[in-house]
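This is the structure I have questions about; it appears just below.
As written, the chains take the letters A, B and C, and residue 1 is the first residue of each chain.
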Amino acid sequence: MGNVIKKVLVLLKNLFFKRLIFFIGIIVVWQVLFYTKLYPVQMFPSVKTIWDSLVNNLANGELLAKTGFSLELIGIGMLIGMILSVIFTGLAMISKVCRNFVDSIITIAHPLPGIALLPIIILWLGLGSNAIIFVIVHSVLWPMLLNTMTGFSSVPKLYKQLGQNIEMSKIKLVFGIYIPASLPNIYAGLKISWARAWRALISAEMIFGASGTSSGLGFYISQKRYDMDTPAVFAALIVIMLIGILVEDIFFNQLEKRTIGKWGMVSQ
Amino acid sequence: MKRRMLSLVIVLGLVASLALTGCNEAKPGATNAPTVGTIKIAYQNGLSYSPFYVMQEMKIIEKYLPNVKVEWTVLASGSAVSEGLAAGSLDIGVMGVAPLLTAWDKGFSMKIFSGLVNSPLGLVVLDDKYMSLKNFTEPNKDKIAVPAPKSIQHILLSMAAQKQLGKATALDEYLKALAHPDAQTALLNKIDIVAHFSSPPFLFSEVAKGGKVAVDGFDAFGGDFSFLVSVASKKFMDEQPAYAGAVYMAMSETIGLINSKDDAAVQVIMSKEKLTKDTAIKYLDWAGTNFTTTPYGLAGLAKYMKDVGYIEKLPASYSDYCWSTATATIGQRAGGPSVLEKAQNRK
Amino acid sequence: MSSLIEVKNVIKQYSNAEGKLLTVLDGIDLNFEQGSFTCILGPSGCGKTTLLELIGGFQLPTSGQILTNGNPVKGPGMDRSMVFQTFDQLLPWKTVFKNVEYALTINKIGADKKEREDTVMKFLSLVELEKFRDYYPHQISGGMKQRVAIARSLAQRPQVILMDEPFASLDSQTRNTLQEQLFRIWEKANVTIVFITHNIQEAIVLGSKIVVMAKSPSKIVVNIDNPVDAGGGIRFPDAKGYNECWKFLHEKISAQTYKEELIQENNPDEIC
C-alpha cells in the first residue's frame, strides 16, 4: 500500500513540475496584463478574483455539480460510441458488403459537425440530455471506428494464424487477439474521441443545456457570461482545462503505460 | 407636416445640446473636436432591431455626420454586445434592460443611450390547459422555454408567477433555456416544451400558427417597459459627444420614419425580415409594439432585480445607468407621450 | 514407421493481380513419418512456405490431398503447431509464461491451473527459460523469443511441429546453440518436426530426412534419409560423410539457383 502511494507521489511530482513552470508563467503574464489595465477589469479579472471565484463556486458545490453532470453525459456518450464502434467494426469484418457500407457511413458522417445537426436532433430526440448524448456519440463514433478498423486491419497475419492454430473461436479471436493487438490504434481513437466529445459537449450545452436545475459546464459558462460574471467563466474554463489535463496525463498516460507501454507496443 | 418637421428639429436640437453638456460635465476639459473618425455600432437580427438596420441602409447617421465612417456589425447574442462595449470594440449596441442593469451592477462602463422599442412579449401555449399557470404541475413534462435564465422573459414569468401562484420562483423548475428559433420549432412540433415565453417576430408567427398568449408581458410587468434599449460606452460618450448627439438625432428620425410607415423604411424592413408589405405593416401595428427613444419601466425592473437578487445594489438615480440622452427623455412623458415621442409618431 | 502426414499429388495455384494463373506447387508427394525430423531445402520462391501452410491448414490445396493420420486436413488445428521465422510471433501483451500457456487456456487443456502451470514450466525448462517466465516478449532477445515459440509449440502437444526457418534471423552463434537445443528437444520429446530452411548446414545438422524442392515447376528433387552418421547424436561438420552430403545438396540447390536465373532471364514474370 505504501508502495502504491509512493509511486503515485513520484508520478504526480514529475507531472507537477513539468506543468508547474508552464502554469506559473501563464499566471505571471496574466497578472502583469491585469496591472497594465489594457482591458477592462470586468473582462480581464485579476488572478485573485478568478481564484476566489473558482474556490467559491467549488465550495458551494455548483461547479462540481455541473462538472459531474457533464462528465456523466460524456461517459454515457463515450460508452455508447465505443460499443457501436466495436459492433460496426465487427460488421465490417464479416463481409465486404458490410465493410463498404460502414466505409460509406464514415465518409458521409465523419465530417459533419455535430452542432450543425442540432436542429434535426431536436426534432428527432427532443431537447433533453438525449440530444446532447447523441451529439457526443456522433463525435466519438467515427474517429473511434476509423481507428479500430485501421487497427484491426493492421493486425499481423501471423497473429491470426496463431489464433487459428490454437483453434480460437471468432469471438475469442476478436477479444483475445484483435483487440489487444489493435490497442495502440484504439487508444489513439479514444484520445481523439475524448477531445472531440468534450468539445461537442461544451458547445452543445452552450446552445441548449439547461432543463430546470440539471445542466452542465457548457451551460454554466453561457449562463455566467449572460450574468457578466467573467471570473466565474474563467473558473469554469480552468475546470475544463484541469479535466483535460487529468484525463490526458493521468488517465490516458497511465492506461498506456500499464498496457501497451509495458508490452513494448509503443514505438518511442 | 411642416409643423411636425419643425417640432422634430427643435426637440432634436434640445436633446443634442443636453448630450453635449452632459458629457462636458462628465469630463471637464475635454475638447469637442473628434479624435476618431468612425462610429462602431452593433445590433442583432430581428424586427425589434429594425431602427438600426433602417438607419444603416438609408444612411441616416451619415446625413448628420457626412465625414464619419459608421462601422456596422451584426452580433449573435446580447452577451457579445456588452463584451464589445466593455472591450471598446463597440461604441453603441442594443441590449435588454435586464442585462444592462447586470452590467451596471458588475461595474461595466456603459449606460443606456436611448430607448429603442417596447414590445408585446408573451407566454405562448398551444394547449388551453396551460392558459393558467396553476396547471403547470409536472416540472419534467410541462417545460417552459425562455432564452436564458434571468432574461426579461424569465423575469416576466416570475412576475406572473408571483401574481398567480404567490411565489416568483414557483416555475423555475419548469424552465428550459432555449434560443427563440429552437423554442418555436419545439413548441409548434410539441417537442418537450409546452410553453414559450416569446418575443416578436416569433410571438407573431406562433400566434398565427395557433398559439395562444397565456401571460401578457405588460400585464405581468404592470405597465409599459422597454424591451430593448441602445447602450453606449463611456469612452464613446466622453470622447465623441458630438457624434453621440448626431446618432441620437438619426435614431430619432429613423424611428419617426418607421412609425409613420415611410415607404423606403418599410421596404428595408420587408427585405430584411423577408415579409410581405401587409405582414410587415401588421407586425409594426401590432398592439404594444412601439418604437421610441424614450426608455420605459427602468426603475421598476431595477427594483425587481434587486428584490430577487439578480443585482446586488439598487441604482440611486437614473443617471447611474443612463446617459443624459436617456435621462433627458424620461421625465417628460407623465400623462402621455412626450413632445419627442409625438415627434417620433408614437402610437 | 507409420506415415503421420501424407502429401498426395498436391497442386496449389493462385491467380495474380492480372488474373494469370500461377502454379506454386506442381504435384508434390511427400510422407512424414512419426518421430521424423524432416528438413526441406529449396531456393526462395519454390513454395516451401506454401507447402507448410497447406500442412498447417491455413490454405487448402487446389488439387491433391493432405492427410494426417489418414484424415484430410480441413483447417488449422492443435495437432499441427507452427513456429515462424519472425521474432514477433509471440503475443506482446502476454508474458513468456502466458504465451506458452495460452493454447492450454483456450482449449481448456489440463485439469486445473496448477496442472497447466506445471506443463508450461516443464516446457520452459526444456528451452531453459524458466527464469524468464514473467518477462514480456520485448524484454528478451530474439533467440529467447524463438525458444519461447518452440516451448509454446511443444506445450500445445502437437503431433507435428511445422517450423518455417525459425533460426534464419539469428546470428550464427545463437543459431548453432539453438540448433543443438532443438535437436536435443526432438530427441527427448519424440516429436515429429517439419523444418524449412535454405541453409544446407542446418538441414544436415538437424534433419533425419532431407528434402530438396525445385522451383518452376515446384517439385521434389531430393528426398533422402540423412546419410551423415554421427551415431545418433548431432551431426557436426566433422562427422563422417558430412562434406559429401553438403556437396551433394549444394550441387542440387546450385542447379536450382542456376536454373532459376535462366528462367528469370527468359520469363521475368514467373515469380511466385
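The working rule: a contact is a pair of C-beta atoms (placed from the backbone, for glycine too) under 8 Å apart; a residue touches a chain by one contact, two chains touch by 3 or more.
If you're wondering where the values come from, they're calculated on a predicted model, not measured in any experiment.
Central chain (C-alpha centroid nearest the global protein C-alpha centroid): A. Each chain's centre was taken as the mean of its CA atoms, and the one lying most distant from subunit A is C. Here the spacing of subunit A and subunit C, counted between their Cα centres, is 48 Å.
Mean C-alpha position of subunit A lies 41 Å from that of subunit B.
Between subunit B and subunit C the centroid-to-centroid distance comes to 87 Å (mean Cα coordinates, whole Å). If you check the complex, the residues on subunit B that touch subunit A are 78-79, 82-83, 86-88, 99, 102-103, 106-109, 139-140, 143, 148-151, 172-179, 182, 185-186, 189, 191-193. Per the touch definition, subunit A reaches subunit B in the complex via residues 39-43, 118-119, 122-123, 126-128, 207-213, 215, 219, 222-223, 225-229. Across the complex, subunit C meets subunit A through its residues 56-58, 75-78, 80-82, 84, 86, 88-89, 91-93, 102-103, 106-107, 136-139, 156. Per the touch definition, subunit A reaches subunit C in the complex via residues 156, 158-159, 161-162, 164-168, 172, 176-177, 180-181, 183, 259-260, 262-265.
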